[in-house]
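Shared chain: chain A. Partners: chain B in the first complex, chain C in the second.
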Partner chain A sequence: MDIFLTVLQGVPMTIGLTVSALAIGAVGGIPLALGRRSQIPALRFLAVSLIEILRGIPPIVWLFIIYFGLGTALPQLDPLTSAIVGLGVISCAYMAEIYRGGLSAVAQGQWEASEALGMGRQSVLTFIIGPQVFRVSVPAAASYAIGLIKDSSVAYTIGVTEIVYFANDQSRQSSDALGPFFIAALVYVIMTIPCAWATRALDARLRMRVAR
Partner chain B sequence: MPPMQEKPLTKPLAIRLDSIAKNYGEHTVLKNVSLTVREGEVTALIGPSGAGKSTLLRCINLLERPDTGCITVEGSRIDAGTNFTTKDLAALRRNVGMVFQSFNLFPHLNVLRNVSIAQERVLGRTRKEADVRSLQLLERVGLADKAKQYPSRCSGGQQQRIAIARALALDPRVMLFDEPTSALDPEVGLEVLAVMKELAAEGMTMVVVTHEMQFARDVSDHLVVMANGAILEEGHPEDIFTDPVQPRTREFLRAVLER
Partner chain C sequence: MNIFTDWPSYLPELLAGLGVSVQVALLSLAIGIPGGLLLAIGAGSKNKLVRVLIIGVVEIGRGTPALVVLQIFYFGLPASGLTLTSMAASVVALAATTAAYTSEILRGGLQAVPQGETEAAGALGMNRKDTLRFIVIPQGFRVAIPSLIGFAILIFQATSLAYTVALPELLSQAYSIGSTTFNYLSVLLLAGLMYAAITIPASWLTGRAEKRLAQHL
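And then the complex of A and B:
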């Protein structure tokens, strides 16, 4: 029970890290997704390169590059900030791909109708296409978020005090190799299952409206 | 709407298309098509599928950009062969409303917002002003009670009437209809045609791509028959329906009328 309570101490950090990284990704994914569909070839190339590079490098390598690499130049970069930035930029790439899928799911007629009404590109994206993209992106974004809850555990390698950090700590102190990690596993499952339920409910609600 | 005036012999031009040509790669869709539409006139475009009717209609507001040709709508002129600015495009589209075969209502907005949103973004009306105007128009198409519903809760015929209200909300001087009843059951189509007839009676300039021969015959002032990317013949609908000049027109009319 003690071990359980100790491991629980990592929960706020895990949630904080996941939510922050996801927020960065949700916002940063928008320009990347739009860049990918841009009519300017250079911009498209830049966006595609960024997305592929960000997705191609393992999160742990990103964290090391940012924390140990950039960290030497910027000593004020603490482990948590490094982890948020690292997972945040990776999330940008994944969210961009999710949005791209959402964009192609919006019927061509939506663009045409807005264009025929004389709405400018900015208005069309903000009021017509954007909201629909967000709605169809909910299921994919939710799976990504659930993945991110678990993947945020890599942040323990640079010393972020999240769930695995405490589990590892307990394991070493008690020389119990398995117990603390089983408890960590349980904690992750307790966190992810409600997320899955919540997204299913949200998706069903939004779908009712968007359904054509 | 202004009271009916004494009709002058030649009404001013609302739309003028000069030698519109459009190719998709090797495939020619429109071969130097020219067309004029007079103010307050209803023009029906008929003809077999693949004739280029919809493409021609979509060239009028440049949803489809022709390779060459000039488009003039209510004084705004765009030469498709040259570069034009988004401002020119906006000026032209400002006077043109469009209704699509698949309605294309915005599924994430309720009916009232569907009709109001462009008024706010394009005309700069406040939400309150826009909603007042929207409700008037929804009243007119008989759907004021649907204002708070989402489009998915409305029947096809209702959705198309909402789409008409949405286009009218920007006070266009010309309305384009791209097979407005083709996606509807024949009975449901009637309620849409009724709204269109009313609009025509009020003097709206309309161009309608349609397979509804009865509508083309009874409501339109000018009939244009197209085939293979060109205009076969045009004139008064009664003349063409009773005595078509071109054999191809005869063949087409026989196919659609005698079934």
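And then the complex of A and C:
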């Protein structure tokens, strides 16, 4: 029971890390998604390359580049900041791809109708297409978020005190090497499965508010 | 201190590390995908107990981070008398994760095979096992190929987690070079690019596979 409570101490950090990274991604993904659809080839190329590079390198390697690599060039970032920046930047790329899917899911007629009403491209995006893209993107974003809860465990390698960090610590201290990890696994499962259910319910409700 | 000038001197060690990473990824896939297929078939079993049990195993397998599975096999199991080398622990852990994830991918593929195929096989007098083996699995597998390639890319990336169990794969090699030269940024960037050099072309492959398969369906 003691071990269980100790491992639980990591939960707020895991959630905080996931939510912060996701928030960065939700905002940062917008310019990347728009850049990908830009009419300027150079901008499009830049956005595509950024997305590919960010997704092509494993998260743990990004954390190391930021924490150990940039640490020697810049004033050293603390582990938590490095982890939030690292996972946040990766999320930008994944969220950009999710928004892209959302953009293509919004019916073409919505663009045409807005244009017929004499709206500018800017306001069509902000008032008509944007809100619908967010709604369509919810299920994909939620499954990404669930993945991110699990991926945030790599932050333990640079010393962020999240769930796996405490599990590892307990495993080394106590006579029971195996138990703490099972508890950690259980905590993740408990966190992720209800998230998956909630997403399905939310998705069904949001779908009703997207024009076909 | 120039970032790029030392790259040639890092290359031999990093390439050796990349070899280990690729090896772990391939072995995990070779063990995990057949495991995933078994789970996928089991999840469609007529026996309710089997079905519930398998779905439970898959959900737990997918809900647990690969890093935790890895730690269970490497740090946890020795306590119960079974000590694995870092290589064996990495392969077993990633194979288990692969089985859990690919079972869902393959289940989707098997379900995409039209019901009429099974009925037609039945009309030809094939039994259930033969129908599964010669009709449903080959077609379902084909549908699943693009997603399987996508997952293979993720598993290749996940081999970097084996750094935590001291397996001399790409990230471990890069980190140990960094800790002797203090030139972390340079060597880690090179390692990152080496990962990307495999994952990015592989993801193009996924797109092509999707296009080609779409022609047959």
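Here is the rule we use: the second predicted complex is superposed on the first by the 206 of 212 C-alpha atoms of A that agree within 3 Å, B and C clash if a C-alpha of one lies under 4 Å from a C-alpha of the other, contacts with A are read in each partner's own complex, and residues count from 1 in each chain.
Keep in mind that, in the parts below, contacts are C-beta pairs under 8 Å (C-beta built on N, C-alpha and C of every residue); 3 or more make two chains touch, one makes a residue touch a chain.
These figures come from a predicted structure and were not determined experimentally.
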Exercise. Should A:Lys150 be classified as contacting the first partner (chain B), the second (chain C), both, or neither?
Worked result: second
Exercise. Between chain B (first) and chain C (second), which, if any, makes contact with A:Ser123: first, second, both or neither?
Worked result: first
For this session: Using the superposition on chain A described above, determine whether A:Ala113 touches chain B (first), chain C (second), both, or neither.
Result: first
For this session: Based on the superposed arrangement, let me know which partner A:Gly69 touches: chain B (first), chain C (second), both, or neither?
Result: second
For this session: Could you look at A:Arg135 and tell me whether it touches chain B, chain C, both or neither (first, second, both, neither)?
Result: first
For this session: Quick one: classify A:Ala177 as touching chain B (first), chain C (second), both or neither.
Result: second
Seminar exercise, completed: Larger residue footprint on chain A, choosing between chain B and chain C, goes to C
Exercise. Where on chain A do the contacts from chain B and from chain C line up?
Worked result: none
Exercise. What residues of chain C sit close enough to touch chain A in their complex?
Worked result: 59-60, 63-69, 71-72, 75-80, 157-158, 160-161, 163-164, 171, 174-175, 178, 182-186, 188-189, 191-193, 195-196, 199-200, 203
Problem set entry | chain A residues touching chain B - in the complex, by the definition given at the top | 107, 109-110, 112-120, 123, 127-128, 131-132, 135, 208-212
For this session: Spell out the part of chain A that touches chain C in their complex, as residue ranges.
Result: 52-53, 55-62, 64-65, 68-73, 150-151, 153-154, 156-157, 164, 167-168, 171, 176-178, 181-182, 184-185, 188-189, 192-193
Exercise. Where on chain B does chain A make contact in their complex?
Worked result: 61, 63, 86, 90, 93-94, 96-98, 100, 102, 104-108, 117-118, 121-122, 150, 152, 163, 166-167, 170
